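Chain nomenclature is as follows: A, B and C, assigned in order of appearance, with residue numbering initiated at 1 for each chain independently.
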Amino acid sequence: MFESVKSALGGSGVAVEDGGLILISETATTSASGLLTHFLASGVTNSHPVCFLTMQHTWGHYCNIGSKLGFNLKQHSDQSTIKVIEGLKLLNEVLDGGIEDIEDHPFAFILKTCEDPLRNLYKLIKQTVQPWRDDCKYFLIIIENITSLLNLGIQTKDIAIFSHYCKNLIHIGPNNASDSLIVVTRDDEKDEDASSLTKIISHSAVMHMSLRGLSSGLSREVHGDLKITVFNGLGPHQCLPVVHYFQFKLEDKNMKLFAPGTSANVL
Amino acid sequence: MSGPGVVSSFQKKGKTKVVSIPGTRPSIHNSQLLLSCGIPSLDYLIGGGLPVGSIILIEQDRYDVYSKLFLKYFLAEGVMNNHMLTLASLDVPPQAITSDLPAPTDTEPEEVSAASKQMTIAWRYQSKTSQPKTSVGNRFGHNYDLTKSMGTELTSNIDMALWDGSELEEGRGMLKNKNYWSLLQVIKKRIESSNLATSSNKAKTNVLRLGLHSVGSPLWGSEFGYQEKDHKWQSLTTFLFMLRALVRTSFSVCMVTVPAHLFTDPALLLRLQALADFVVRLESFQGSEKETNPVFKDYHGLFHIVKLAAINSLVPPILDSTDWVFKLKRRKLTIERLHLPPELSETVNRNQEDPLNKPIGLSCIGGNLPKNLDF
Amino acid sequence: MNMSKTYLGKIFRRTEIPTPRTLLLTDSAKVCGRGLLYALVNSHLGSSTDVLYLTTCLSPQEIRRFVKEEASGKLEFYNGAKDPCGWDSDAPEVSLQLPLQEILRHKTTAAGGGKVAIVVDRLEDVNYHQESSQLVRSLHMLSAGDNVEQVIVYCGRDVVPESMLAALCHIAAATVHLLPTSPCSCRLVLRKPSGKVIKAHEEFTLTPDLQVQDVQPAKSIRTQHVSESSETDVILAAQTTFSLALTEDQRIAKNSLLLPHTRVQTQGGHIHYTPDDVDDWDDDDPDDDLDI
């Protein structure tokens, strides 16, 4: 857990535990690993179960980052408090041809055109979180880089439907408490489909955390900008979202947020 | 899928000590196993070398002169370390590339030693670390001589697979393009048959180097010219995504070169960049007006570093400069910081027309002068 | 300004006669129109119109918190959010793959004489499951129903394909585009049955109990300033403790401020001239000799 991310979220009046969909957008060259690590770690610290679908990185990537921060994420996945669905491994299974019944595989659509390409993947997530749903336990679903599904020839509308169904999984129990869904998209302006997908998901999000590299290039002290947009914090009568701007620097064991213009380069 | 026995795609420090693979070394930043890409100055830029399981994407120079050299260095380094090699190309016969790998030399080329002289004029650059030289004796990285070709006695013993697209299977589903489907199958089988996948429990004694030349060129299919709205280039992105999945979960590294200047839709290049771990762009001066610009007279092109990914850590490799150039000497190719040439002309007064102003937005200190300052 | 004189006021007080049959309300990722939508639904319920509410994004539970059920009209939900295309069960409650008039059929015809308003809460979600042309046709047919008072279509204009947005504007009698200005404003296009077309840009505030208030024509200078200011200006403004811009009042105050050296000029211009004895006072033109 990164203190400055935590306090930035606190300052925006958002607690992850309040539930709802949190959208994180990254770019081709700026990775959201830092923020995801924060949410993974905060889930572990507060002993919330987490369902984690990775598409871009391996689970090992996050375990290694976690171990530097003092979290044994692998142990958590062994104990099933974090249930990991590793996209890259599943992709390999499709190529294997070793699976008899390809129809039910989450990535079956790669080999066979089908009507609802992402239905199987959704079912897998649903099945994963079902025990927690039955127990009415608060849990997190984290979907890393949902945009990379576009690479596999899936259309934006199908990803939008998939994200909607995933959002339904976190839906409210009788006590009005909601679970959390964290979705990462890639938002590059020149990639129209990717940026339109980001907009679609942001319409149903409670918060959008947008990561970007600096427009003026690379810097040692500042790795990029973070814009936090909080929608409807006070209720639907508040039409305009509240926006906070930060710059960030990634360190070996920390993600530091600070107000723009207050980096070590300047002060 | 998860569950007990999830294997990290990267070896932990402890394991690497047990199995030692020639030509690899652990990173000093994290416990990753690194491979040299054959050019020490490039290794330095990407944080010491290519991590096992990573993909480096090279956006070719317009005439594919220098990008081919990068590929040759990459393969030559594999030959020297007895790595397994796979080379795929449709633009040129792969044999033409492998038969012309640069020969190894034991001696450091003479230019390097000259650099260590005491600086008398540009003394303020003395403290700047020069390009790191690979210490002699280390099996990590070799020196090559571009004027000589590697003898067949070196290459004949190597487990090398060449793919020229002559044997094709019908594509399937999202991978309709025969070329991509077939190549993916070849790579997949090779990783399987040599037990290189991290999921197999055999001890790893070797790594696979994959060199893919000019992927996405017109010869591979018509992907380069389409707009995304037609959904015509999904074969290429699916291919690279599946390749990423294969490479990440096995003991292999991959160098892909793409003719990015042919892609009409900027979205395609962005997708490919997102899928690769390291992305560099070569901008050759050949045929451009920069060729005659005095600022660049010592160099052959600009070397843009587009993306450096952080693998297994939060912090990507950090660079101390943003302007890099490459230079092809008689015997070797190097990547250097862009330094301005000294003023050597007889006339003390500078010309009214400052050569500095000609290349728009380039300076020796901080690269492109930003339109808007961030801080 | 009197609420009933503004077009936004008329639409939300429902004093615009006749009621625009199809009303299109759009927002974007930068501004949320949900509050306005609920305000309109409440105003229908308050005037004893039944509301048929097709929701595709939020659950009825979440919406019920903001719409007044105890009002004279009845509110009925169609939950298209729960299982829009049958991934969870083979027979979903509401399938968005069906044409809209089929989803709402038995209600629009058998409501028993009373007027109904139909709400489509997030059209883009429906659009994922149906062809655009079919969807537009369905909306048009719904609005033609005998007992249908109004069809309210709500969507994000940045996520609906441009051609679809153009088609929606074509069939809508009233279009309300919510803009991310401060205070919030709307760009309205109202097509009267007489053929008159009214375009207006009006600003408003929403009270916490979702009443549309303080409607007035937007001051074009100010709103343009806000909408055109680049992101960097916004960032700067957010970070400084002092205001870099001037409000309208401040600008007037600044312009009317009397600076020390402008005081002598306040009486208007005068020419002071002391006559001299060599002055030539006759009417002869001194340039007479010039042949002009």
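The working rule: contacts are C-beta pairs under 8 Å (C-beta built on N, C-alpha and C of every residue); 3 or more make two chains touch, one makes a residue touch a chain.
From a predicted model like this one, the values you see are computed outputs, not experimental measurements.
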The chain whose C-alpha centroid lies farthest from that of subunit C is chain B
Just by CA atoms, which chain is the most central one?
A
Which two chains have the most C-beta pairs in contact?
A-B
Calculate how many whole Å lie between the centre of subunit A and the centre of subunit B, each centre taken as the average of the chain's C-alpha atoms.
30
Where the centres are mean C-alpha positions, what is the separation of subunit A from subunit C, in Å?
33
Would you kindly tell me how far, in whole Å, the mean C-alpha position of subunit C lies from that of subunit B?
53
Check each residue of subunit A and list the ones that touch at least two other chains.
260-261
Can you list the subunit B residues in contact with two or more other chains?
372
Given the complex, residues on subunit A that touch subunit B span 28-29, 31, 33-34, 37, 56, 58-61, 63-65, 68, 74, 77-78, 83-92, 95-96, 109-113, 124, 147-148, 150-153, 155, 186, 188, 190-194, 214-220, 222, 225, 247, 250-253, 255, 260-261, 263, 265-266
Within their complex, subunit A touches subunit C through residues 116, 119, 122-123, 126, 157-158, 160-161, 164-165, 168, 171-172, 176, 196, 199-200, 202-204, 208, 231-232, 234-241, 243-245, 259-261
What residues on subunit B touch subunit A, complex-wise?
1-2, 4, 6-10, 30-31, 172-175, 184-185, 188, 197, 199, 228, 231, 234, 237-238, 240-242, 244-246, 248-249, 266-267, 270-271, 273-275, 279, 306-307, 309-316, 318-320, 322, 366-368, 370-375
In the complex, subunit C touches subunit A at residues 27-36, 38, 57, 59, 61-62, 66, 81-85, 87-88, 122, 124-125, 127-129, 156, 158-159, 178, 180, 182, 184, 206-210, 234-235, 238-239
